[in-house]
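Scrolling down, you'll hit the structures one after another.
Presented sequentially are two complexes of chain A, the first with chain B as partner and the second with chain C.
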Partner chain A sequence: MSHGTLSALVILFAAVFTNNVVLSNFLGLCSFLSVSRAVTSSIGLGMAVTFVMTTTAGLNWLVYHHVLVPLGLVYLRFAVFIIVIAAFVQFVEMALERLAPALYFALGIFLPLITVNCAVLGVALFMIIRQYSFLESVAYGLGGGVGFLVAITVLASLRWRIRKSKVPPALQGAGIAVIMSGIMALGFVGLSGLITIN
Partner chain B sequence: MTSRHIFVDGVFRQNAVYRQILGICSTLAVTNLLSNTLVMSLGLVFVTAMSSLTVSLLRTVTPSRIRMMVQVMIIATYVIVIDLVLQAFLPEISRRLGPYVGLIITNCIIMGRAEAFAAKNPPWPSFLDGVAMGLGYTVVLMSIAVVRELMGFGSLFGITVLPPWFTRWTILTMAPGAFFMVGIVIWVMNTLDPPGRAGQAR
Partner chain C sequence: MTSVLVAVGAVTAIGAVLAALLEMAGKLFADYGDVTVDVNAGSRTLTVEGGGHLLGTLREQGIFIPSACGGRGSCGACKLKVTEGGGPVLPTETPYLSATERADGVRISCQVKVRSDVAIWIPEEIFAIRSWKATLAAIRILRPGMVELRWELPAGERIRFKAGQYAQLKTARYGKVKEEVFRSYSISSSPRDERAVEFIIERVEGGICSTWVCDHLQVGDTAEISGPYGDFVLSDTDREMIMIAAASGMSPIKSILHALEEQGSTRKATFFFSARNMGELFHLDLMKRFEETLPGFAFVPTLTRPPEPDASWPGKTGRVPALIAEMIGDRVKDAEAYLCGGAGLIDGCTAALWAMGMPNERIFYDKFE
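The block that comes next holds the complex of A and B.
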C-alpha cells in the first residue's frame, strides 16, 4: 500500500474515533443536540451529513488549491467555502427531488440544515490548516461524517433510554443531553492513545 | 420595545447559550484559556452587531428568496475582517483559535438574530440587539473559561495563581470537561431564573 493511501486511512480512522469531529473538536453541536431527540431522524441527518461532508471536502480542496491559491485570494476562503457548500446542498436537493423522490423524503428535510452545520465548514477549514492532500481531505470528510453519524446515533439512543428517568427539571432537554455528551466524550478520550494526528 | 428591554432580553432572558442552546460549538472549543475566550467573544460581539446592523439597513432591498444567502455573505465579510485583524495584530492567538474564527460564520447565534430580529426591525434596535446577544454570549463564555483555566491549569490569563501542591483538574482542559461545564451552566441558570416567563425559543 502506498504511503498516501495509508495516511488517508489513518486520517479516516482518527476522524471517527480518536479525533471525533463532534466529541473532541466540538463541531456541528447545534444540530447534534436538537435533532438527537429521535433515533431515525438522527440516522437520516448523519447520512446526509456524511455525503455532503465527503463531497464538499473534495470540492473545497480543489477550489482552494486550483482557484484561490493561484489567484492569491486565500483570505476569501471563508466566503468561498460557504458558497460552495450552500450551492452543493441546493444542487443535491434539486437532484434528489427529481431522481430519487424516496430518498428526498427521507433526507430532504435535513439538507437545508446542513448548510449551517458548522461541522461541514469546520472540516474544510481543518483540512487547509493541516495541509492535507486531496485524498487525505476526502478521507477526512468521510471520517468526519461517519464520526458525526456515530455520535448522534449513540446520543439519540441514550436519550431514548432515559426518556422515563427522573431528570432534575432544570436539566431536562438540552441540559442532560450536554452532560451525556460529556460522558460519551470521556469514553472517546480513552481511545485517543491509539493514533495521533496534529 | 425599549433599549433596556432589548439588553436584558439579550443578555439574560433569551441568552443564546444557556436558553436557546445556540452557538455552543465555539463555547466548548475555545474556553480552556481566558485569553482565547476574550478575543473570540469580542470578535463575536463585533460580527453580531455589525451584521445585524447591515442586514437591517438592507432589509427593504433584499429579495426574500435569496435573503439567507445575502445574510451569510454579510456575516462572512465581517468574519474575514476579524480574521485578518487577528492575523496581523495577535498572530499567537489567531494560531491557537485556528479554524474556530472562521466558524463564527456558521455560529447559529448570528444567523438566528439576523433572521429573527434584524430582518424585521430598524437599524438602531438591531445593532443593540446584536451587541446584547454578543454580550450574553461573552458573559457565559468568560464564566466557563474562568473555571476551566483556574482548575485545569491553575492560572488566570496565563498567570499562575494556584500553588503547585494544588492538583490540577486536567479533565477540565479536555473535551469532556467542556461538555460538563456547559451542562452545569444550563443547570444553574435554569434554576436561578426558570424559563417560561420569557418563553423558550426552542
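The block that comes next holds the complex of A and C.
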C-alpha cells in the first residue's frame, strides 16, 4: 500500500475514534443534542452529515488550493467555505428531491440542518491547518462524518435506554444528554493512545 | 487597493458561479412536467402541472378543499386522503393527524407536493363546493361596526348548503392593501335561498377583509365566493338545542333558525346571545318573529356590562354559563349545544357545558379565527 493511501486510512480511523469531531472537538453539538431524541432520525442525520462532509471536504480542498491560494485570498476561507457548503447542500437537496425521492424523505429533511452544522466547516478548516493532501482531506471528511454518525447513534440509543429512568427534573432532556455526552467523551479519550494524527 | 478589489471580485465570482449552478439545477430539477391526479378511484382524472402543492393544484382544477388558514399549514382543515404517490408524511403535517388518520393515508393537502402521479380520495360533498363571481346586491348596517351583505350568484347558478356552513370571500386589492386574501364567513341566510348568500361581518380593527367590506364595498361590486364548507350544521335529532353566540357569531345560528322555521319545527331551542350593552344588540325584530313562528324557541339576549340604572332593560344580565344553569338546569345533559363566536366565549361555555354533564359529541362549535 502506498504511503499516501496508508496515511489517508490512518486519518480516517483517527477521525472516527481518537479525534471524533463531536466528542473531542465538540463541534456540531446543536444538532447532536436536538436530533438524538430518536434513533432513526439520528442515523438519517448521521448519514447525511457523512455525505456532506466527505464531498464538501473534497470541494473545499479544490477551491482552497486552486482558487484561494493562487489568488492570495487564503484569509477569505471562512466565508468561501461556508458559501460552498451552503450552495452544495442546496444543490443536493434539489437533486435528491427529484431523482431519489425515497432517499430525499429519509435524509433530505436533515439537509437544511447541516448547512449550519459547524462540524462541516470545522472539518474544512482542520484539513487546511493540518496541510492534508486531497485524498487525506476526503478521508478526513469521511471519518469526521462517520464519527458524527457513531456518536449521535450511541447517544440516541442511550437516551432511548434511559427514557423510563427517573432523571431529576432539572436535568431532564438536554441536561442529562450533555452529561451523557461528557461521559461518552471520557470513554473516547481512552482510545486516544490507539492512533494519533497531528 | 487592488487586493481589496481582487478579494471582492473573487468572492463575487465564486458566489455568482454557485448561484448560476443552483439556478440551472432549479430549472432542471423543479420542472416536473404534467402528472395525473386520479380522484376517487377513477371517477375523475385530472392532468395537472407537477411541482405545486396539492391544495393549490386542486383549486386550479375547480376542486375546493376547505382551508381556513389559506394554505399556511396552521389550521389542519385541508385534510384529504392520498392513496398513492403522496410520499411519506412530513413533520409539518404530524401535529394535525391522529394515528388512525395516518394509517388511513390522510394528509394535509397544503403540505403535500405533487411530484408524480397521485391518487386521492375526497368526500362527495367537496365536489359540491364551487366558486362564483358574485354581485353585492345589498348592504345593510345592523349596528355600528356590523354589516349584513347579500351576494347574488350569477344568473341561473345555485348554491346548495346546510344551515350553519360557511363560505370564503376573496378580497380585492384596495388602498394600501396590495394582497388578495381569502377569509371565511358563515352564511346567515336560509338554505332555501339558493340564489344568494348573506354574511354578517364585524369590523376588526386593522383587518384586511373586514375593513374592505365595511369601508370600500358598494352595491353592484363583484367578488369571488366559494363554498359551502364546514361541518357545523343542524343535526337531525329531536334533542333540545342550546345556541350560544356573540356579535357576528349570530350568523350561522340565524341560518339554522331559518331552516327550523321552514321545517315547521317544534324543537325546543334557546338562543343565548351575549353582548356588553344594549348598543351591541341587533336583529331583535327577526328574533321576535322566530319566537312567534317556532313554538319551542326562546331568544335570550344578555348584557355582560351592567346596564345604566335608568336604562329600561327588561332582559337578562350576566354571563351565559350562569344563565344556562338557571334556565336549562338539568336538561343540559340531554341537550345539544351550538356555539359560535370568538375563542373566549366558546372555550368558557364548552367548559361550563361539560361540567354540567353535556357529552363532547353533542357540542358543536365554529370558532371565528
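The definition used in the following text is that the second predicted complex is superposed on the first by the 198 of 198 C-alpha atoms of A that agree within 3 Å, B and C clash if a C-alpha of one lies under 4 Å from a C-alpha of the other, contacts with A are read in each partner's own complex, and residues count from 1 in each chain.
By our rule, contacts are C-beta pairs under 8 Å (C-beta built on N, C-alpha and C of every residue); 3 or more make two chains touch, one makes a residue touch a chain.
Only a predicted model underlies this, so the values are computations on that prediction, with no experimental measurement involved.
Of the two partner chains, neither chain B nor chain C is touched by A:6. Touch criterion met: A:28 reaches chain B, while chain C stays clear of it. In the superposed model, A:117 makes contact with chain B only, not with chain C.
Contacts of A:168 after superposition on the shared chain: chain B is touched, whereas chain C is not.
Once chain A of one complex is fitted onto chain A of the other, the partner contacts of A:129 are limited to chain B, with no touch recorded for chain C. Residue by residue along chain A, chain B and chain C are tallied for touches, and B comes out ahead. Once the two complexes are laid over each other on the shared chain, residue contacts for A:38 go to neither chain B nor chain C. When both complexes are overlaid on chain A, the residue A:105 reaches chain C alone and has no touch with chain B. Once the two complexes are laid over each other on the shared chain, residue contacts for A:71 go to chain C alone; chain B is not touched. In the superposition on chain A, A:79 makes contact with both chain B and chain C. Shared interface residues of chain A, touching chain B in one complex and chain C in the other, are 76, 79. Those residues of chain A that touch chain B in the shared complex are 23-30, 33-34, 75-79, 82, 86, 116-118, 121-122, 125-126, 129, 168-171, 173-176, 178-179, 181-183, 185-186, 188-189. Of all residues in chain C, those touching chain A in their complex are 3, 6-7, 10-11, 14-15, 18-19, 21-22, 25-26, 29-30, 32, 87-88, 90-91, 115-116. Those residues of chain B that touch chain A in the shared complex are 21-26, 28-29, 69, 72-73, 76-77, 79-80, 83-84, 98-99, 102-103, 105-108, 111, 171, 174-180, 182-183, 186-188, 190-191, 194, 202.
Residues 63, 67-68, 71-73, 76, 79-80, 83-84, 87, 90-91, 94-95, 97-99, 101, 105, 109 of chain A are the ones touching chain C in the complex.
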